[in-house]
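Think of it as A, B, C, D, E, F, G and H in the order they're written, each chain with its own count starting at 1.
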Amino acid sequence: MKEEINLDFDRDKRIGQPEIIYGESKSVEQLLEIALQLSEAGRNGLYTRVSEEKAAVVCNQFSDIEYNSVAKCLSQKSAPPFGERGEIALVCGGTSDIPILREAECTADFLGFDTKVYADVGVAGLDRLLKCLPDIRKAKVVIVFAGFEGALASVLAGQISVPIIGVPTSVGYGVAAGGMAALNAMLTSCSNGLLVTNIDNGCGAVMAAARICPLMTK
Amino acid sequence: MKEEINLDFDRDKRIGQPEIIYGESKSVEQLLEIALQLSEAGRNGLYTRVSEEKAAVVCNQFSDIEYNSVAKCLSQKSAPPFGERGEIALVCGGTSDIPILREAECTADFLGFDTKVYADVGVAGLDRLLKCLPDIRKAKVVIVFAGFEGALASVLAGQISVPIIGVPTSVGYGVAAGGMAALNAMLTSCSNGLLVTNIDNGCGAVMAAARICPLMTK
Amino acid sequence: MKEEINLDFDRDKRIGQPEIIYGESKSVEQLLEIALQLSEAGRNGLYTRVSEEKAAVVCNQFSDIEYNSVAKCLSQKSAPPFGERGEIALVCGGTSDIPILREAECTADFLGFDTKVYADVGVAGLDRLLKCLPDIRKAKVVIVFAGFEGALASVLAGQISVPIIGVPTSVGYGVAAGGMAALNAMLTSCSNGLLVTNIDNGCGAVMAAARICPLMTK
Amino acid sequence: MKEEINLDFDRDKRIGQPEIIYGESKSVEQLLEIALQLSEAGRNGLYTRVSEEKAAVVCNQFSDIEYNSVAKCLSQKSAPPFGERGEIALVCGGTSDIPILREAECTADFLGFDTKVYADVGVAGLDRLLKCLPDIRKAKVVIVFAGFEGALASVLAGQISVPIIGVPTSVGYGVAAGGMAALNAMLTSCSNGLLVTNIDNGCGAVMAAARICPLMTK
Amino acid sequence: MKEEINLDFDRDKRIGQPEIIYGESKSVEQLLEIALQLSEAGRNGLYTRVSEEKAAVVCNQFSDIEYNSVAKCLSQKSAPPFGERGEIALVCGGTSDIPILREAECTADFLGFDTKVYADVGVAGLDRLLKCLPDIRKAKVVIVFAGFEGALASVLAGQISVPIIGVPTSVGYGVAAGGMAALNAMLTSCSNGLLVTNIDNGCGAVMAAARICPLMTK
Amino acid sequence: MKEEINLDFDRDKRIGQPEIIYGESKSVEQLLEIALQLSEAGRNGLYTRVSEEKAAVVCNQFSDIEYNSVAKCLSQKSAPPFGERGEIALVCGGTSDIPILREAECTADFLGFDTKVYADVGVAGLDRLLKCLPDIRKAKVVIVFAGFEGALASVLAGQISVPIIGVPTSVGYGVAAGGMAALNAMLTSCSNGLLVTNIDNGCGAVMAAARICPLMTK
Amino acid sequence: MKEEINLDFDRDKRIGQPEIIYGESKSVEQLLEIALQLSEAGRNGLYTRVSEEKAAVVCNQFSDIEYNSVAKCLSQKSAPPFGERGEIALVCGGTSDIPILREAECTADFLGFDTKVYADVGVAGLDRLLKCLPDIRKAKVVIVFAGFEGALASVLAGQISVPIIGVPTSVGYGVAAGGMAALNAMLTSCSNGLLVTNIDNGCGAVMAAARICPLMTK
Amino acid sequence: MKEEINLDFDRDKRIGQPEIIYGESKSVEQLLEIALQLSEAGRNGLYTRVSEEKAAVVCNQFSDIEYNSVAKCLSQKSAPPFGERGEIALVCGGTSDIPILREAECTADFLGFDTKVYADVGVAGLDRLLKCLPDIRKAKVVIVFAGFEGALASVLAGQISVPIIGVPTSVGYGVAAGGMAALNAMLTSCSNGLLVTNIDNGCGAVMAAARICPLMTK
């Protein structure tokens, strides 16, 4: 098993990023070995897309690892938390986008962000979004989560000047095609300066936000 | 040549639709033969997607056929015009959608609609759209033309109660993919009751509007 | 949970549409919260794509919510029903399209339509369709449900003059591709004025029909 | 150049098929070399998808080669024609399908078929097709050419008992996608026993018909 | 339930085809109703893609219905069998194609064909195929089943003169893409006169063969 | 013509963005009208994807508009330039990516950035990239341009901590598919925090960089 | 059952390849029959993609068959092992690629290779790869396994001169699309001379390596 | 211009590969600059996919550069040729594949291979291929070029034991899809150990062959 794991312990020093582990296609044995290595090295780690079954085994063996079952994230705190980075806004179109928004929230907590959630403000009823705009504009970075046609990202990008990141979600059916319609809509947005991640990549969007908002020195 | 043409002269009586000829892949000889048959039968006809070269030949031989070079439509008036159907609104996201909007306008004129154009009101700058809303709401049917991510259709559908038809346009590059991003966005709209046509089908959208708005009896 | 739900109570007043909830990717906790908010506000609601398991929990707690297990719809009646809109025809190609047709039927009931069902009249045996034509033509709007190659929509659109909406269904295998073959066939129909929804969007087709057929004043 | 050509002279004896040359991506030098080899061997040959420019060069050098500019076919008659195979029906949905129908017609002539053409009988106006049915049923094999949604093949297959072959054509725009919509529609036809060729493969359909209808012995 | 079923009892008389029922997306209630209607009418029927669970219920209630669990077909014999049509060859590339080959075999039995099976003769080891050629050539129609790259159809079509039908199977992984690689390979075959069905459509291939080989009069 | 143009003059005040005009599908008449309106309003504007032919006409009529023929950009300077935003690094994998890099450079100049170009440093020869790293790390934002497999973005993102934006280019053939391979590679990068734009969207990447780097107050 | 199996016993003599059985879509009865035939012929065999359930049945009946549950491979040793071929390097980007790497390892053992594993050396942290380079260069063939964007193959191919084979893995989500992003990235690599297999085809990559490295004569 | 070019002069020493320049999307100014730098450094270079127009300019200025107009390759000989590597076989299915085969031939000449061409040996007529087998087997590496369904690669791989590389070509129409059908067929080949390159990548296939066949020391 040991031969299969090769953590990039140098990454933190090199580019200031902690270890993020993609849990979906890892076996529980692999997850346990990673947790052990991080624990022994006194490092924090975030594990995304971990099923409840695997999470239960891991949490059982490591007392400093916690599980968020909506976000499907394990958070390992074998070291003090990161410092502060300021506030990011997490905005989603519909209630169904919540699990990916929560993955982003876990990542943001892990990296030292304050978060503010604006849920279910899709463009079918514009007023819900428009009345949140003054608050959303105060964030350092705005992350938009939307499935189906993903129009929320375009509309919002046209109303705010701060950095904005679109995360298409795999919500929808038919030609929504597991998030492809929302992804392509965000990539072709007529609003300028909207950047995009892979479908459902809530974690990656926050990692990008962390590049934009380095740790604040006290 | 004659063997190749088989006009559905019964259609008008059967379902109240005149002859609409798809010109793109027809030869100029075929177009001339169709014009002749319509002329001899004393029928009107609309020819879409006719190149300037082919149009010049046809107009040269038939004095009752006119060409709109932006819309790429030939309009043959071998019979009195249709009656009145009321007003439709033609709304487009950007200046690049104009040719398809004009195809719809030609079709609407041909079928007896009044038209009102609201151009370049894409969602990147919402105010442009919002201030047209009171006028747009007065139409009997609203047709939305948008390329790129096509978000205009979703936003507009959430603000009006009249029938609304989305026409994705082949404007854009990369994953816009010849209109596929806009088409899929419109089909997966989170706004309810938005109906959709094939990409760039300005003519078809108005044909559908004519089903909704039959000729008004005087 | 409350933070995750943001119902658009203004929609009814703005564009005359009640709340329609897409149930597929919502948790049962989210559905219960929505039902509670609608109940407290004295509003009706329609929930589509709700699994039997989730439906059982919801119906158990709300006596004014009913479940249709073929249509997979929950119908919440916390207010008097809508008024009358007239008759729509629901036409499907094969027996396998029934669940989507039933979703449309639930939506139509909810919105005040009378419905008439013409099932299993696919074009492989034209006579079945042709003999229904006189009846189908009496409807205010016709909705066609078809999977596989979806040819029924084209044939029918060529025979009737009333508004017609195609709903491709995800019935079929191989290149039917979850409804893509039927969708593309309907979008490229050689019959004029056929409008289309997303695959399996029985509910959306009726929402569009409601735009065409407003509530009849008595 | 000679090294590049390797004609399968054995094919005729092995499976009764003459040489068919796909001309689209061959250089004019390659076409000339092939014509020379066939000529020297006293063989007939059919060249499909040959541009007018290339055809002019070839016809200039070989007096027994003729060009059909609609079908884009060269027909080389360095030997007596094949015998008789009976009649096939060539049925197309619209005027735009004619070039592919003509390619089939050239191939049929070359292989010894009698042909009968039924053009522009698309399903938007069913009557045009229905009144041809008695004649179409007399053919030994029926080949259907259709672009856009290709519904003609399904409807026709449900009305006749003879072998029927669908040839999707690259006529249409948007999601017609160069014939993909028609191809997928034909492959997923609800009518039984419809067989299909590649898009625009008029020649191949007749080659298949020739397998079904061997040369009639006198 | 009755309203959902509309059997095409006229088909047999019209085009000589019995009822074929696509069972995949039908409920067991629908299957029972169809069986009842066929039984009462004294008709035979073939049901494809019926799961073992559904089949058990049906067979339990109808003594004249039999199930083939590899082919997933129910065969209802409420009338005397069809007459004779002669022999067809069923040739498959690998052992994994067997279930689709068996579906074809059931259909062939149902329609009055004699069948001969040539299994596991893929082109990776040409000798296996070459030594069957003399026998295969004796069939009236040859049906080839192949997944992965589907090359068997091309090779075989180049060696035989009788009608040949390719059935791509959904065997394979990665870019085999549920049979798409095999389908596209067969459609683009360099061998002439190969016709193709939808992926896994063993039944449809035999229905086409029945058009080619009508019932032999005694 | 005027009716077709509806500039969002409020955008600058609302979100600090100047007018960016997508020139590809606009007619020269439309471009002239836009230039006139900007000129009369005393505004700057950037026009992307303008062909040499159209550019010549526009530059001929407006002396304050300049054309960059590699970048295909027109830059209209009817007002003083923007202020300063600091330095961005423009890094490309191959010489073929230069036109898109130059579009970004034009946009950056227009918006007040200093730019530094690192060209032809693809990962096939890592040393070329590694020796630029110390310089690249000094930029405020790094934009990576790559076609083919786009691996440069992943490798670079793993070596720097500043914000990094990937711009897939339409360079390549076969499965490069007009930039799709590079786009998908960047979206699925194993390096964290890489954000992505549409294919060839050099302008949009810099617009996003401008959100991250607001104008520096003096 | 026997009729369904047709092993290519001649392959070994013809091209030096043993029997490799693709187990995914074979029934357990088919697997048992194959094992029996190999056993009776005194041949070795490798079965890939065999589920644990099927494997248990097979191993229970054949004592000379062993199962590797990570690789999902059965290895049948009814004959002495192959000779020696030298060393191949198996290099993977992430821990999630391990199952496919293990399939390759099983195949390599079966064919007489020595293997060396370099796991979890993805390009996000280049140092992990760079320090393995001297060792990797000693192999006769290098096989790279990578999912997501598959950049590891490009980077490695630029650093080594020995034959290198890329195996894209189906690891990833969203546009990773079951390995399509990695496959297309490898096919379009800017590094020269990288060859590619189907997604997840660990076995095939080693079979190709065996063509490059024939058995060493002693 | 200089800033845009960054040749990897170290590659030869690092992995024994000369400079290969992808000419398709490079401007003639860029090509001239590259030729100058190679010339000054006394290096050889191969430029692929160079149009006749660009080639004429380059050849005009550099007397040691030669152009092959079928292969579309420029070959720059500013240094002595490479040594010997032995013989490779270049096998193609049809005459239309010749240009890509010639690109490979140019590359092979450039790298020190002897080449032998086997053209037009597609599987529709197996005998043409079978009689070349004894000769093909003598090559050190075999490269197969095929468009349409690409079956030649599978058949050949099953008959030879030496390394074999498939190059799908963009020959064909309809679902051949620019080479995608052939590519997917080769990737899913039922023959073991077939490796594949991008569509039309004749050059890359030979670069891979050069990894397998290092320069022979005298």
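Going forward, a residue touches a chain if its C-beta (ideal position, glycine included) is under 8 Å from a C-beta of that chain, and two chains touch if they have at least 3 such contacts.
Because the structure is a prediction, the values reported are computed rather than measured.
> Taking each chain's centre as the mean of its CA atoms, which one is most distant from chain F?
The chain lying farthest from chain F is E.
> Between the options B-C, C-D or F-H, which interface matches D-H on more than half of its contact pairs by residue number?
Checking each pair in B-C, C-D or F-H, only one repeats D-H, namely F-H.
> If you average the CA atoms of chain A and of chain H, how far apart do the two points sit, in angstrom?
Distance between chain centres, rounded to whole Å: 45 Å.
> Using CA atom averages as chain centres, what separation in Å is found between chain D and chain E?
That gives a centre separation of 27 Å.
> Go ahead and note the Å separation of the Cα centroids belonging to chain B and chain H.
49
> Multi-chain contacts only, two chains or more: what residues does chain C have there?
11, 14, 94, 124-125, 158-159, 174-176, 180, 183, 187-188, 192, 198
> Every pair of chains that touch: which are they?
The list of touching pairs comes to A-B, A-C, A-F, A-G, B-C, B-D, B-F, C-D, C-E, D-E, D-H, E-G, E-H, F-G, F-H, G-H.
> List the residues on chain D that touch chain H in their complex, please.
Those residues of chain D that touch chain H are 3-8, 10-11, 14, 22, 24-26, 30, 34, 49, 168, 170, 178-180, 183, 198-201.
> Spell out the part of chain A that touches chain F in their complex, as residue ranges.
Touching chain F from chain A are residues 11, 14-17, 20, 158-165, 183, 187-188, 192-198, 203-204, 207-212, 214.
> In the complex, go through chain E and note every residue touching chain G.
For chain E paired with chain G, touching residues are 94-96, 98, 117, 119-121, 124-125, 127-128, 147, 171, 173-176.
> Along chain E, where are the residues that touch chain H in the complex?
93-94, 122-126, 148-151, 154-155, 157-159, 172, 174-177, 180-192
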